[in-house]
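The two complexes that follow have chain A in common; it is paired with chain B in the first and with chain C in the second.
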Partner chain A sequence: MIPKLLKIGVVHFAGCSGCQLMLLNCEAELAILAQRVDCVDASMITSATCEETPFDLLLVEGSITSPSEQQHLQKLRLRCRHLVAVGACALTGGINRFDAPTRETACTHVYGPVADQIETFSPQPVANFVAVDACIPGCPPEHSDFLDFFGALSCGVWPTQRDAPVCMECRTRELRCLLEEDHLPCLGPITIGGCAARCPALGIPCEGCRGEVSEANRDELCHLMAKTHLSKSELKRRIQRFTGGENV
Partner chain B sequence: MSRQIIQPLTRVEGHGRVILEQQQGRLVSVQLDLNESPRLFEALLVGRSWQEVPELVCRICGICSSVHKLAALHALEQVLKINIPPAAAIVRELTLLGGHIQSHALHLFCLILPDFFGVPSVLDLARDRHPLAMAGLEVKAFGNRLQELFGGRIVHPVNLVIGGIGQCPAEEQLIPLKEELAALCEKWPAIAEEFQASAKYPAGGAPVGCSLATGSPIGFDLTGTSLWTADGSEWPVADYARLLAERPVSSSHAKWPTGEQGPFLVGALARQALTARRTGTAPDTSRQNGIYANNTAQLLEIDWALSRAYSLACQLLDLDKTAPCRIPPDGPRAGVGIAAFEAPRGLLVHRYILDDTGHVTEADIVTPTAINQQVMAKQICLDLAEEKDQVRIVKTAEQIVRAYDPCISCAVHLLEVK
Partner chain C sequence: MKDTHLPCFRIKPDFYDALAHHLAADFEFWASLVGADGLCRLQLVASPPENTSSGLPGIPFKKLLLPPAEPLWSWDGKTFQSPDPQPRRAVFGVALCDLQALWYLDQVFAEDPLYQERRQHLLIVGGPCQPADQCRCHPDESPLAGDLFQTHDHIWSLSNRGHAVLKELAKWLGATVDRPLPKPLQVPKPRADIREPLFRASTGSAIWQQSSQSCLACGVCSAVCPTCYCYDMIDHTDLDGKSTRQRVWDNCFFSTHAKVAGGHDFRPDRAARLRFRFEHKKFGFGPLRGRPSCVGCGRCLKACPVDIDLDQIAEQLNAGEA
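Moving on to the complex of A and B:
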């Protein structure tokens, strides 16, 4: 059973803080949420910092990019009952992973002479270091993702993880297919829905920000993409943008 | 010599710490470290196609994603020689205004307000439905409504694309919005007044630093082709690097601008001072209290942003909705593009060099918090030099940093070192 006032924490690693901002962006629901949760550690949201208090729930945003972040995450895992990875950065490495020659060269490029004082490795998903109990996808997650999540928790269950593609939502909304009719590089067929086909509804091809569905048919997608203006390598990069850059 | 470390800095975006050094009970040095993990955007953009840049760079920061995306779009459209259609320009500006309203309201009502009432978090105020917090959250939600409607999403706006916008909101959406805007314009002054009446700040000395902002010479604007400094000089935006002369510092993952006229102060307070200077009007300083005047300046900017949004919504309703709102680029071009915007926290510059295949060969992004780093440390030193109470020193130092509304995720994306 989940206790009445959930003790939650929010921790931020390499990312843009957009995920936790989306939580604060539930302005109309914050009062109700505050009845159910007590934020005991979250540097952007509260000045309470309890180094020892155990969490019922820890929301993790961002990817892990250094040994000290890895240690911090592992320590936090020991303090929390449940750990939730929030957003593409935490789930796959997200945007942080776009390909650079190597992390060191990139670091030298930006920081020059002091680069060697920065200890860092290629951005990793949270699940590479600790057990993850639930995931909230998106870059950033939708408002409704957070509400579904806390709604389900307050009933003592995890929310169901969606796996139907954006394409399905496009069909339901009877939107024009950007891929087939306009030959635009839409990733809707392989991307997890839940955003009500936000981008295609504006005539903009899906960039895959909610991550890949489990049975993504990339071959079929590549076939459909043949008519778009994207070269093979650009298509590869587009697919990799939110899937963590593993082989495409 | 005794040393105090304030870590983590709370109710600010991102990871930072302050190191205070005292000698015989006197504060002798303050060091501010922005120790977010480096995300190396400038390096990782090299070799990427111009088409990917706007979607990638808006992920630098979730709070100011709209202005990052717009700065990138403007810089790239310069290279591509595209003049966007009028409706697109209005929709973009409305998105930008929504971003300012949401960001200022987030700062004032979620990050600052808890200090006035001695609670750790806005959640503690929301739990009791504190009227001022609830009113502030409503304004914040309205800023987000503008970003959602015009930008297509609150964080990482999808409707803003190279050449213009994806879609212009329909009349059925604009008419009720206009009414809501009018109502909020009426309501806002009372909310701002109540915020001011509840404000409790420690005493503070005059804000340090030379104010710096972009904007138009005739009034207040969120973008421009010149940079203005409080000592009366005007620089073309292209000279930003010379003006700021950033250099990396080993303790911090952000760089310190070290230009001769500096250190610079950017943000709402700097904008207010410079607008007054450029337009020859006197700023209202009657309620200024040290760097906390930045909060007052943000309150005034929300007021300005709401009325500006109202007039833009009216203009948009009058435009021909059947005209295209996007000019598709006719292929890649080589060149340099540079854009200066006022992000909620101050001056933001994006600069890209593209080769003739449209790939990035160089990228520079200068963010407001990186610029403000030095004045933050100086202000702490100034305000707390004589303070003896250890608890108060720590609390006030944190409040000073908070007053700048730092955005640390932004600050760690740096100028390329030459």
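Moving on to the complex of A and C:
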């Protein structure tokens, strides 16, 4: 059984903190959320920190980029009952993975001459180091992702994990298909829905920020997107942006 | 319903004004309109359109009977609540293929109280259509449902309800005439069918693999299909503890569609899923087995980003190419 008042924490690794901000931005629901959860440690939400107490639930945002972060994460895992990976960085490495082909240059650029004394590695998803109990996708996640999540949790279950693509929501909203009609490089067919086709509704092709559906047909989408103005390598980078580097 | 002897009346000038006036007290009006972006949508309109042949709406009227996400009940910890009562809607200009699809859905959901309630609240007015390139209907093949069918100078009653409406408007009706419903002229190419034994024999055929290779599993083909009706049940709980169970459009191309507890998947790949969709569209299931559920509206063909064409597959199987 999940206790009534969940002791939660939000921990931040390499990322922009947008996920945490998005949670904080659920303004209309914060008061009621505060009756469900006791936020004991979260850099943007409370100045309290909690060094020892166990968490019922730990939300992890950001990707892991150094041995010290890795150790910190592993210690936290021992302190929490449930660990939830939140957002593209935590789930796949996110846009941080774009360091991949030019990592050394990037490090020298950021850290200067001491770059080789700082121990870092290419940004990794949280699940590469610890067991993950649930995922909240998005870059950043929608308000509804957080609210559905805490809603489900308040009855003691995890929310239903979606695997239907953005296209389904796009078509049920009766939006114009940007891929079919306008030959724009829309990633809707291979991206997990849940955003109600936020971008296509504004005439912007889906960027894939919610990550890939489980059986994404990348080859065919690349083939289709060859009709757009993008070059092969641009297409590849577009698909890789939120799904983690080299697996395309 | 056989349409050979449907009661048909010539109409007098102002009939449509009188009809609109008669219905306005009880009904919202819905009709298909082409938007500035070129898409045709079935939408709420202020008054029934004068010209009814605006083409097929991309998402068919099933959205009014089986909305994409429909609450079944909610529970606030103390009491169950039924969904809000449905508005009464008069839908104008529904093409023949969609009237056939309505008949099909009516059979499938004959025992579904929510569907039936919504259905009772709909008054369906058919209208002539202009066949488009992808149209593949068989206008004479299957029964149709609906209440009225209108052209600029005649009106047919298709149901008791339609009949009752016309009775109220007798003043604006002229002579009864013996006239069949206007059928779409020159449908470019009717739907291709296939015999079931041939289909059965195709189980291991490479054709399913080949044809499904390019499928993105985007689900669009069944979202737009007027006779696709699969749904999933999704529970949602608010922070204040109110739970709602919804039925949400599902789709046999989705990875979860045939997955069962324990992780087994009855249709583990796109080839099996395409074959399943083909089977449902060409042969139907259950008591309707043997009757295609595809009414040939051509929507899936038009909407599929990779042009997967069930008829082409049927033709290939028929030609022994598989």
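We adopt the following convention: the second predicted complex is superposed on the first by the 243 of 248 C-alpha atoms of A that agree within 3 Å, B and C clash if a C-alpha of one lies under 4 Å from a C-alpha of the other, contacts with A are read in each partner's own complex, and residues count from 1 in each chain.
Methods note: contacts are C-beta pairs under 8 Å (C-beta built on N, C-alpha and C of every residue); 3 or more make two chains touch, one makes a residue touch a chain.
What you see is a predicted model, and the numbers here were worked out from it, not measured in a lab.
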item: Chain B and chain C placed together on chain A: clash or fit?; value: fit
item: Chain B versus chain C as contact partner of A:18, first or second or both or neither; value: first
item: Contacts of A:107 with chain B and chain C, given as first, second, both or neither; value: first
item: Contacts of A:71 with chain B and chain C, given as first, second, both or neither; value: neither
item: Chain B versus chain C, judged by how many residues of chain A each one touches; value: B
item: Partner chain in contact with A:199 - chain B first, chain C second, else both or neither; value: first
item: Partner chain in contact with A:174 - chain B first, chain C second, else both or neither; value: second
item: Superposition-derived minimum Cα distance between chain C and chain B (Å); value: 11
item: Doubly contacted residues of chain A, that is, touched by chain B and again by chain C; value: 33
item: Of chain C, residues touching chain A in the complex; value: 37-39, 41, 58-59, 63, 68, 213-220, 223-224, 234-241, 243, 249-251, 254-256, 270, 303, 305-306
item: Of all residues in chain B, those that touch chain A in their complex; value: 8-15, 36-40, 42-44, 46, 48-49, 51-52, 55-56, 59-63, 65, 102, 106, 110-111, 114, 120-124, 126-127, 129, 134, 137-138, 140-141, 144, 152-156, 158-159, 161, 166-167, 248-250, 253, 398, 409, 414, 416-417
item: Complex interface listing, chain A residues touching chain C; value: 29, 32-33, 36, 147-148, 150-152, 154-155, 160, 163-165, 167-168, 171-172, 174, 176-177, 179-181, 188-190, 213-215, 217, 220-221, 223-224
item: Of chain A, residues touching chain B in the complex; value: 12-22, 24-25, 27-28, 30-31, 33-35, 37-39, 42-49, 62, 65-66, 69, 94-96, 98-100, 103, 105-107, 109-114, 117-118, 120, 123, 139-140, 143, 198-199, 202-204, 207, 209, 234, 237-238, 241
